[in-house]
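Note that the chains take the letters A, B, C, D, E and F in the order they are written out, and that residue 1 is the start of every chain.
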Amino acid sequence: MAVRKPPITTREYWAPGHAACAGCGPAIVMKLATKAFSEAMEEKYGDPNAFAIAHATGCMEVVSGVFPYTAWKAPWIHVAFENAGAVASGVEAAWKKLGRKGKILAIGGDGGTADIGLQALSGMLERRHNVVYLMYDNEAYMNTGIQRSSSTPYGAWTTTSPPGKYSIGEDKPKKWVALIAAAHQVPYVATASIGDPYDFYRKMKKAASVDGPAFVQVLAPCVPGWRIPPEKTVEVAKLAIETGIWPLFEIENGDFHNIKFQRFPKDGKFKKPIEDYLRLQGRFKHLFKRPEAIQELKNQVKEMWRILGKEVELP
Amino acid sequence: MPKKVVSGNYAAAYAAKHARVEVVAAYPITPQTSIIEKIAEFIANGEVENLQYVPVESEHSAMAACIGASATGARAFTATSAQGLALMHEMLHWAAGARLPVVMVDVNRAMAPPWSVWDDQTDSLAQRDTGWLQFYAENNQEVYDGVLMAFKIGEHEKVNLPVMVVESAFILSHTYDVVDMPEQEEIDEFLPPRKPLYTLTDFENPFSVGALGTPADYYEFRYKIAKAMEEAKKVIKEVGKEFGERFGRDYSQMIELYKTDDAEIVFMGMGSLMGTVKEAVDILRSEGYKVGAAKVRWFRPFPREELYELAKNVEGIAVLDRNFSFGQEGILFNEAKGVLYNTDAKPIMKNYIVGLGGRDITVNDVKAIAKNMKEIIQKGKLDREIEWYHLKR
Amino acid sequence: MVPLEEVKKMELPADVKKKLTLPFEEHFYAGHTACQGCGAALGLRYVLKAYGGKAIFTIPACCSTIIAGPWPYSALNAPLFHTAFETTGAVISGIEAALKAKGYKVKGEDGIMVVGWAGDGGTADIGLQALSGFLERGHDALYIMYDNEAYMNTGIQRSSSTPYGAWTTNTPGGKKHFLEQRPKKKVIDIVIAHKPAYAATASVAYPEDFMKKLKKAQTIKGPAFIQLFAPCPTGWRAPTDKTIELARLAVQTAYFPLFEYENGKYKINMPSPNKEPKPIEEFIKLQGRFKYMTKEDIEILQEWVLREWDELKKKAEIFG
Amino acid sequence: MNVLNTLFGEKKAKAEKMVFNSVEEYPEAPVTLGTTLSNFTGDWRTFMPVIDESKCIKCYICWKFCPEPAIYIKEDGYTAVDYDYCKGCGVCANECPTKAISMVREEK
Amino acid sequence: MPMRKVMKGNEAAAWAAKLAKPKVVAAFPITPSTLVPEKISEFVADGEMDAEFIKVESEHSAISACVGASAAGVRTFTATASQGLALMHEILFIAAGMRLPIVMAIGNRALSAPINIWNDWQDTISERDTGWIQFYAENNQEALDLILIAFKVAEDERVLLPAMVGFDAFILTHTVEPVEIPDQEVVDEFLGEYVPKHAYLDPARPITQGALGFPAHYMEARYTVWEAMENARKVIKEAFDEFEKKFGRRYHMIEEYKTDDAEIILLTMGSLAGTLKEFVDKKREEGVKIGAAKMTVYRPFPIEELRALAKKAKVLAILEKDISFGIGGAVFADASRALVNEKEKPIMLDFIIGLGGRDVTFDQLEEVVAISKKALEGEKVEEVNWIGLRKEIL
Amino acid sequence: MAESPFKADIERVQKEYSEKMTPGAIVYIPGSSVVNKTGGWRVFMPQFNREKCIRCFMCYTLCPEPAIYLDEESYPVFDYDYCKGCGICANECPTKAIEMVRESK
């Protein structure tokens, strides 16, 4: 039998033995992102290892680096929660002066990116540092025990947005950091989901190979935070694409009129209802007693697509 | 009186609720998070009225939002830990400078790096210059009582300063214990609505707060804070006494003394570790050691007079610091020595650095320290001034 | 000092009142210490006029701290909280929350306006995160960014809102060409990416338009943001009497177009909508900060301006 | 004619410089106690605006654009300058459509 | 040959940075320090300095970028003051804990509220627990020299800690004085190139920086910082020696002035020392046995030197421009550490002076001496004294 | 059967591992987390049926650990030292070539 070549590199930068929960979505992101990066670096500079990682505090930071162990096989630095963008800027500047070729990968969760680290991210993008910022979006502060972040979707249960007599859960629409990043007119901004790993891989590679800053926001479900069985991580992420709640797109140089979409139904009609996505997750359980909340969520999803320039129909 | 079995964090959340706070602005961080989780639950279940929860995007903004709320006349509350507290640092100065009695629970946690989520007092003690009052709780009951008193003391017309109530990570924050909670009406009597020094809603005589203070005036405002801090000592004692009369737990002493009357050696420290120390004192007493414990409840303002009264009658003080100031020494030790310096109290003082980053402090540790102190007193000479007690060598 | 009894309170003649395009009442006191021809001071004057003093202001450390007066004086006839550089968005959130907790009416015709007033550095750079949090949480308050395109208070350093080619003290033209190299950060676009209830640009040269927008910000529920173009003659190395002219030219050249964003819809409100933008040279030639620009630099800036203008027109078409 | 300042009227007359001689006189918190009206910024001026009423068309543009504000409207509808505050920036002269305002070097 | 130039303190700091050749500078504008990065950006623009200058969006990001750059293995410099330093607070702990030898120039300025841009030391004193080495300069020359020394000490393998150099707002930052600019070659010799052995973020040798420390390791990690700080005492003295050999100017942990037969010694830091020296001369003429001393190094705290100094005095008066609310001056508390267990010790008094840029006058110093004399004569006096308040309040 | 791509790391960490505190608590051995055999967490274990496998690489791509590597013929190999038994591989396998079975310990 002929040997088939896997579509992703077999080099590894993310070692097992880390302490992520079983079925962790962000762990898949770490693995694929570093692999994609190394492929891009090899193509661009002839050196697959030509990158370093600046990590914000968060689940992936905690599970991967516990003294005296590390899961990382690339140079890696963690400084604090709110400054991955700034630390990456510093590393990039130092590399420039040292004459080192390569690119810096900054990684943050949704809290570390959309909330406390937004400003450092904005500064990094605006100053045009040669850095890819990867936001793994699990839609809440999981590391501290599931609190709402500004990236938490409408209606979701978290410990600080519990549903109750006076609350339907999170009551504010999701903040789309990818759009905020794109408003900085940087060379490349994309959203992805581990439900389509090769699309994510391609986008990471693209982000790594452009000159200047890039931003990728990837949906990475969290088993305990979303109240899902561990084997459903990828399935949920796939449903997010198929029901239209998670758009896949690329924006280059802030050009909102030429957004490229992936896996967008030609007629604008999504086939699967958002309920399919919600039903799998314990964090949305209470919504099924509140159909008006699901309707509101759907309205928000439509509005989000409208901002992206698409009119959609949701079943 | 209703009793509840709650964690230290829940005790803090209940206290905030019972104090009828009006604005809570907080940001998640381990191990503080369950405080705001509980408050979010109170709101979701409609258990509180007129409480606005602002889920801010960073600790820096948490303190800033509390400052804005407090300046508008509201009773404001927040909670944080370690890195979060450090990120607030600039705004801590601001809250005190603008004389806003914000109350904050700090769950003591070690400062990074390396990253650690366990108990260590360096985070709160590093904020000792910011003009905040600091109360250290030994157990969950003291967390609850401390928060209630913090509002009363901070909002007192002679004080008007922010107050930090400090509890230990995990040892208190996540450990369940019985807490006595008075009836809401009793608390309301103890803690009436806040009478702010000023509020931004004064449209009749609008003013600005915190404007540029030139060298002609800046100094006086600093002095006012220093003076308010001195006044706070009296207020603390009054309020502590009133608390005792109303609810049966007396807090009129800024330093809680335990079997110190005839003691030769006194262990001095703060927070949850003093529970262990008291236990050890009992055992050591039964073994014939004349030892006692002094628990510093209020680190700011610093209980200078009470410490002197204690120190003049003992031969040695072992200061247990779960913190360290680099280039110097344990912070409680540092300050305790300073205030005794020009007095006639001349006990031998030694600094034991213990339990950093959540390392356990056991009764046996305290016993060993007692032995060491006794030798020192017999020799009349220190072996060393600072000992990193728990170090693996 | 004038004896009090000699001070006469005057009623304005009715015909004069009719001719005035702005409210007559002044809530911004003279004697403040802004530089001559300060655009920001003028902006503050307009805001206070619009809200008749019934607004709580928050000003971070910036030029306006000085303008509003050192202790014990205030130039604002309204309550004002001075805060740290990076916290405007958070402090107005806290004030709004406190007002609601205390049962005050916030916003709307007769409600209290909560206004954050911060410069471009305090908004686009160090305060961006607090602004983002404020927008995302949907507080009923107004954030005004007065844009003078650099850190003027500390002595003219570049901010991310400084345009391409500008001289500042930390982007001096040296032996190596070293003016500001990056295009102006589009804070308004970043704000709109948050889907706020209301966002708009305004200019001190068009106070009636600004006033209209301030009124809208008052009546629309939810967070509002206005980016106000406020020239700084000192920092722009321009004559002090050109403040309004510069602000007008910025609009006429489409360097700083006027538009608003409401309910997901864009609306351009240029004073002469059908005119083609004037060449950017007209705007830059009045200012010393642009004098080091080469011909190529000017072309780059011109190209950027027109591209952004096209982009905006397209948006207005699609999301009109 | 005794229109002294229709912009701030009594407030201006009452405004005075504050001097504190003792720490006890200070308020507890840094809240301001008065207005900037006691600060006569007119002495910053090098050029002063002079209004020629014969050219004035009462369009009030100068009133509108004064950043201090130091331009007021008299009973007769003409505008005038409060020289106690005018810093002499010249915006009024530059914006005046009929050139009714000229900037004159001030003799001191 | 060393060149003499008349310059402001901020410019001296920028010159020091230029001579030290950092590869990365990240800074954010703040009064009164802005001129430092301004001058550096001019140097960079003119090609006189080969550094990457990151114009960050906040001080928090300034220090974060410095941490990133230093962790990548290059010499790194920044400057700030007051609120800016306070905003950096969290990352200051981290820079020290990660053992990154960043050097920072501070134009010592008061903290809010009320906002005040003038001189006191509250900003740096409030960072005394963060693990940074702290130097205080008396004049512009010292600002320049101490920044060079700071690099030397910080980067020493036995230390590897960040260092800050404070010089007083406006009194130094904006005042021109003649300053000798050392030769570049000699500075190069003195500092050498920074080749980190511990932190480098190099793909050829991947390492992980900033890992989690469980209770099993945390305490040891902190202990190594303490050890490094203890080592710094020695390393600083060595650096002072070498600096004298190379540049001819002598520095001391504590510099003494006419202390030998003094009964009263006034101890301070920073530019105030200059005033004290003049004042001592005046009082000596009047026959008062008085001396002055200046702490150049505040962290690590010069314990031995202070003990030696204390032996000479009957009253040790500490003049400090900071206040730790609820207890008193920070320097006083620190000094008591050195002396509390000594057999013979002087009376120690604390004087809070010159906060927020309040002028320190000879009249105020007379007051200090008067109180000290009272104490000397056995009269009971307050331990913490506020000098220069507008009313006699004590 | 091919070797684990982490073999060298395992050997290095076994040889060089030290608990000695480093300046700044820096970790010098990349990938040293391989000493933690997280396979012990497992309740269900993936059982692989080579016959059904079409070598689509989905399991290899999606394993979060990673505890799946490829042999010479590009078939997946399961490294039970690290597999936590989450079941993503089985759930995503298009041909059901992987099955989760309760592990008896």
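Quick note on the criterion: contacts are C-beta pairs under 8 Å (C-beta built on N, C-alpha and C of every residue); 3 or more make two chains touch, one makes a residue touch a chain.
Just so we're clear, the structure is a prediction, and the values are computed from it rather than from any experiment.
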Both-way neighbours, i.e. chains that touch chain E and touch chain A: B, C, F
Any chain that touches chain F and chain C: A, B, E
Selected interface, D-E versus B-D, where C-beta contact pairs are more numerous: B-D
Most distant chain from chain F by Cα centroid: D
Approximate Å spacing (C-alpha centroids) for the pair chain C, chain D: 23
Cα-centroid distance, chain B relative to chain C, in whole angstrom: 43
Chain A and chain D, separation of their C-alpha mean positions in angstrom: 56
Geometric centre distance via CA averages, chain F-chain B, whole Å: 47
Shared-contact residues (touching 2 or more other chains) in chain B: 55, 57-58, 60, 83, 87, 90, 94, 97-98, 112-115, 207-214, 217, 220-221, 223
Where chain D touches two or more other chains, by residue: 20, 23, 30, 32-33
For chain E, residues that touch 2 or more chains besides their own: 55, 57-58, 60, 83, 87, 90, 94, 97-98, 112-115, 206-214, 217, 220-221, 223, 389-390, 393
Pairwise chain contacts under the document criterion: A-B, A-C, A-E, A-F, B-C, B-D, B-E, B-F, C-D, C-E, D-E, E-F
Parts of chain A lying in touch with chain B, wherever the complex brings them together: 57, 62, 67, 78, 80-82, 111, 114-116, 118, 141, 143-145, 147-148, 150, 159-167
Residues of chain F touching chain E in the complex: 19, 21-28, 30
Chain D residues touching chain B - in the complex, by the definition given at the top: 20, 23, 26, 28-33
Interface residues, chain D side, partner chain C - complex: 2-16, 18, 20, 30, 32-41, 44, 58-60, 63-70, 73, 75, 77, 82, 84-85, 87-91, 93-95, 103
Touching residues on chain C, where the partner in the complex is chain E: 61, 65, 71, 82, 84-86, 121, 124-126, 128, 151, 153-155, 157-158, 160, 169-176, 178
